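Structures given as structure tokens follow.
Below are two complexes that have subunit A in common, paired first with subunit B and then with subunit C.
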Partner chain A sequence: MMVEKVLLRVIAKLLIPLIMLFAFYVQFHGDFGPGGGFQAGVIFAVAFILYALIFGVRVARQAISASMSRNLLALGVLVYGGTGVATMLMGGEFLSYNVLADTVHGAQHLGIFVVEFGVGMTVAGAMITIFYTFAGHSSSQLTFRRGDGMHVDAPAPTPKSTEDR
Partner chain B sequence: MSGAEVMSDPWLLLLVVVPLLAAPVCVLLRSAGGAWSIATAVSWAVLGIAIKLLMTVLEKGEVVYRIGGWDAPWGIEYRLDTVGAFVVLIVAIIGALVLPYAKQSVLKEIRHDRIYLFYTMLLLCLSGLLGITVTGDAFNLFVFLEISSLSSYVLISLGQDRRALTAAFRYLIMGTIGATFYIIGVGLMYQMTGTLNMADLKTIMPAVADTRTIMAALAFLTVGISLKLALFPLHMWLPNAYTFAPSVVTVFLAATATKVSAYILLRIMLTVFGEVHLFDVFPLQPVLIAMALAAMFLASLSAIWQQNIKRMLAYSSVAQIGYIVLGIALTTEAGIAGGIVHMFNHAMMKGTAFMAIGAVVFATGAVTLRDLEGIGKQMPITMGAFVVAGLGLIGVPLTPGFISKWQLIMASLEVDMWPLAALILLSSLLAVIYVWRVFEVAYLREPKRTDVSEVPMSMLVPTWSLALIAVYFGANGTFTLDLAVTSARQLMEGF
Partner chain C sequence: MAVTAFWLVRLRNLFAVVMLTGIYSLFAAALYLVMDAVDVAFTEAAVGAGISTVLMLGTLSLTTDKEKVHKKPSLMALVLVLMTGGVLVYGTFDMPRYGDINAPIHQHVANRYIEKSGDEVGPPNMVTSVLASYRGYDTLGETAVVFTAAVGVLVIIGRSKGTFMPSSSQARRRREDERQEQEDTPS
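Coming up: the complex of A and B.
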């Protein structure tokens, strides 16, 4: 755990909520302006990865465990596909949003909203999972040291422990 | 082109969506047994849907589905004709038999905490392969191509041998180049036609076919698909990938992936470029025939020298792809029918062969010829299935290999290419050599090891089921051949 670099920690703490808020803006405003689930998912994951870089992967894992990020990834796909199945059950074709609500406008809006939310979940989950996979193993931790960038202060990874953190 | 009057058939969509959504459920479950149960149930459901769709297609003609209720060519359209239904059936049969077989084999070959991810990937791969076959949209095909390819890279990399990683990486590089070339081709076609729907592309294509853009598109598409198809000389990724992948993955991919790629080749050449009479305006035929012949001979020769049986069968696969492409390259109804029926027959034979070898690996842990001395006496049931498959690869009468080779020979004679017929027979002799090497070691030598016994029933039953399917369609090829001829006629006449 790093103690120095107060500036980094304070600024990061200030920025991370804003980045996450921006992620939600991009997510929910995506059907009116530029943006959408993919971008929002990446931005959300970036906020989290920044947290992990500054405060260490071990602390980050306490916030979102590897299995949680993997579940997020899977759930997003289910939300997307589930919307399609729901429209089929309601008598439409796969992903024909019109059956979701009374007005065409409202139905299309609701449909794309839910689907993009699923995309956001999956992308955020995937980004965090990829980060965890590369960031090392349960014993290792990313820290900053004075003057010289990032280190992984752990023994060389063994292939045996690459899974299921 | 489908209008509002065409009814969407929901089964067409469920065929793809059921395995696609079962995959994340496996991730959430996080249990090896649970994932296997789901995957097995899904694979049987897929087989049921595939049979139902085939019956619908034979009865009523094409089946379509409009995703999101959007009409083609604006929306993505799923469209299944006879050849599609036939390929779907191949994939579904293999899937439904591989999964029961997988349980024991995977327990032994894959680390326990990764098993649920293994089944997730297998389901994604299944979904991708089925998606390629049912979609009527050139870009959507690319998406499914990526789903199936990415999951197969992962599946291959899970092999026990560390060389599985390099094999998977090599496949990843080559496969990505192939997929990129495909999408470049699609992009160039889109630039000229403004559409991605295959049926729509087909109608617009003659107007723009003379442009250099379309020529470039065709070149990219052909090379890209040939990479995925492992057409000689673009097959270099295949032998290692099949050799070092887990047994189950080898069975599944060898029996399905290249067949689906051959289907893409058919779709692009005969549907998208169907109105252009590609082979008349472009010297594609001699090129494809030369590649096919090179595959048949050089890959068979390579197979003869292999010590590792999985690698031997992998080279044999490259050779068999040669037969399929040869049939397609003849561009007559009989030739294309020969290629299509060989897709089915080869899937059944190679699936059986790899299942038998997977069982041997399960029992002995060895795959080299030297380690298999006398294995036919110790594992008579397993090796019996291998014998059936081996005879099929040679093309002995009463095996499915005979049906397809006969059809190919007849097709070559029909267009007065009698040297081709002779070469098909000659290359079969090479198959005799590499298959005989295994027979000789397995049956005519004394066993060296004493601790070898038969594998569990859960592996024997799927192996023999596939072998019996192969024998049935070898003895009575009417059904498969009729399907192939109908498919070829539809492809030649129009989508």
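Coming up: the complex of A and C.
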């Protein structure tokens, strides 16, 4: 495991909160600057995967369990679709946000906000779930063997090996 | 980018290939940034250079990091690739120049979005207005695609807990483990 690498651990601890903060900035500031749900979800997942790479998948599972990431995945789609159903129930068409609030801008803003949040949840959940399923294979039964691709300090095969043509 | 791509094709060591793919993605992200597509650059940097590299490394740890060398290159495949590439290049001759104001893409609905999205939707970032409001159905579909992808991964390799590994890699694992034990217990 990589926990004993002090430099990596400290830098990661410094960086991960910033990356997650940036993810939320991209999520909630998507109306005004570049970004949106998809990018935010991906950045959030990247921060989390970095955590899992440095501290081990087992520790990461204690923060976000595998079932939780799956729930996040499904909940995001549900939020998006639910917004559409909500607009239908309030008398509009599917996903026409204008019925959500009194003013057009307010309603559109609210609708986009909720929908983008759903996208972000789905994407983050999907990325973390896929990472867990890939990483789970190499870590569940064989607790961090040497030579796994999952750690960076493994004796990596150099590009200039003999079979290199 | 071209140098990276050709280097990629020549390499047989899959670990190096994964690393180069990440570098290629980073170049692509820089290219998107130059073309003012900041959203796409974001996504490319995070997904292409970040997550997919990690996932490919995970895949390598499940399989092997050496590519099987095919002795006999197939002539048919070469002809097919050249023909497809030729048709694609021929198709680009009809494309309008980059940034051409008369291109169909700038004449269709783009003007309406630019002129009216401020009144009809509101947010200053028109990309968000188009994605989440005008094209809400498309984005719902995209979200469903991401959901389906994750579910597909779960269905294929999610619940097996490593018991359904290909027998070849299981055997490789066992061999490596035995060798490891021998190394760890020097008498």
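Here, the second predicted complex is superposed on the first by the 133 of 165 C-alpha atoms of A that agree within 3 Å, B and C clash if a C-alpha of one lies under 4 Å from a C-alpha of the other, contacts with A are read in each partner's own complex, and residues count from 1 in each chain.
Convention: a residue touches a chain if its C-beta (ideal position, glycine included) is under 8 Å from a C-beta of that chain, and two chains touch if they have at least 3 such contacts.
Quick caveat, the model's predicted, so the values are computed rather than measured.
*Asks:* Please indicate which partner A:39 is in contact with in the superposed arrangement: first for subunit B, second for subunit C, both, or neither.
*Replies:* Once the two structures are laid over each other on A, A:39 reaches subunit C alone.
*Asks:* In the superposed arrangement, does subunit B or subunit C reach more residues of subunit A?
*Replies:* Of the two chains, more subunit A residues are contacted by C.
*Asks:* Is A:95 contacted by the first partner subunit B, the second partner subunit C, both or neither?
*Replies:* both
*Asks:* Which partner does A:74 reach: the first (subunit B), the second (subunit C), both, or neither?
*Replies:* both
*Asks:* For A:123, using the defined touch cut-off, is the partner it touches subunit B, subunit C, both, or neither? Pick first, second, both or neither.
*Replies:* So A:123 only meets subunit C here.
*Asks:* Of the two partner chains, subunit B (first) and subunit C (second), which one does A:82 touch, if any: first, second, both, or neither?
*Replies:* Only subunit B is touched by A:82; subunit C is not.
*Asks:* Just checking: does A:12 make contact with subunit B only, subunit C only, both, or neither of them? Give me first, second, both or neither.
*Replies:* Neither partner.
*Asks:* Residue overlap on subunit A between the subunit B contact set and the subunit C contact set?
*Replies:* Looking at subunit A, the two contact sets intersect at 70, 73-74, 77, 81, 84, 94-95, 97, 163-164.
*Asks:* Applying the document's contact rule, which stretches of subunit A touch subunit C when the two form their complex?
*Replies:* So the residues of subunit A touching subunit C come out as 26, 30-36, 38-39, 42-43, 45-46, 49, 53, 70, 73-74, 76-77, 80-81, 84, 94-95, 97, 104-105, 108-109, 111-112, 115-116, 118-119, 122-123, 125-127, 129-131, 133-138, 140-142, 145-150, 156-159, 161, 163-165.
*Asks:* Flag every residue of subunit C that touches subunit A in the complex, lowest number first.
*Replies:* So the residues of subunit C touching subunit A come out as 10-13, 15-16, 38-39, 42-43, 46-47, 50-51, 54-55, 57-62, 65-66, 69, 120-125, 127-129, 131-133, 136-137, 139-140, 142-144, 146-147, 149-151, 153-154, 157-158, 160-162, 165, 173, 176-177, 180.
*Asks:* Over in the complex, which subunit B residues touch subunit A? Could you list them?
*Replies:* Against subunit A, the touching part of subunit B is residues 8, 10, 13, 17, 20-21, 23-25, 27-28, 30, 65-70, 111, 113-114.
*Asks:* Show me the residue ranges of subunit A that touch subunit B in the complex, using the header's touch definition.
*Replies:* Counting only subunit A, the residues touching subunit B are 67, 70-71, 73-75, 77-78, 81-82, 84-85, 88, 92-98, 163-164.
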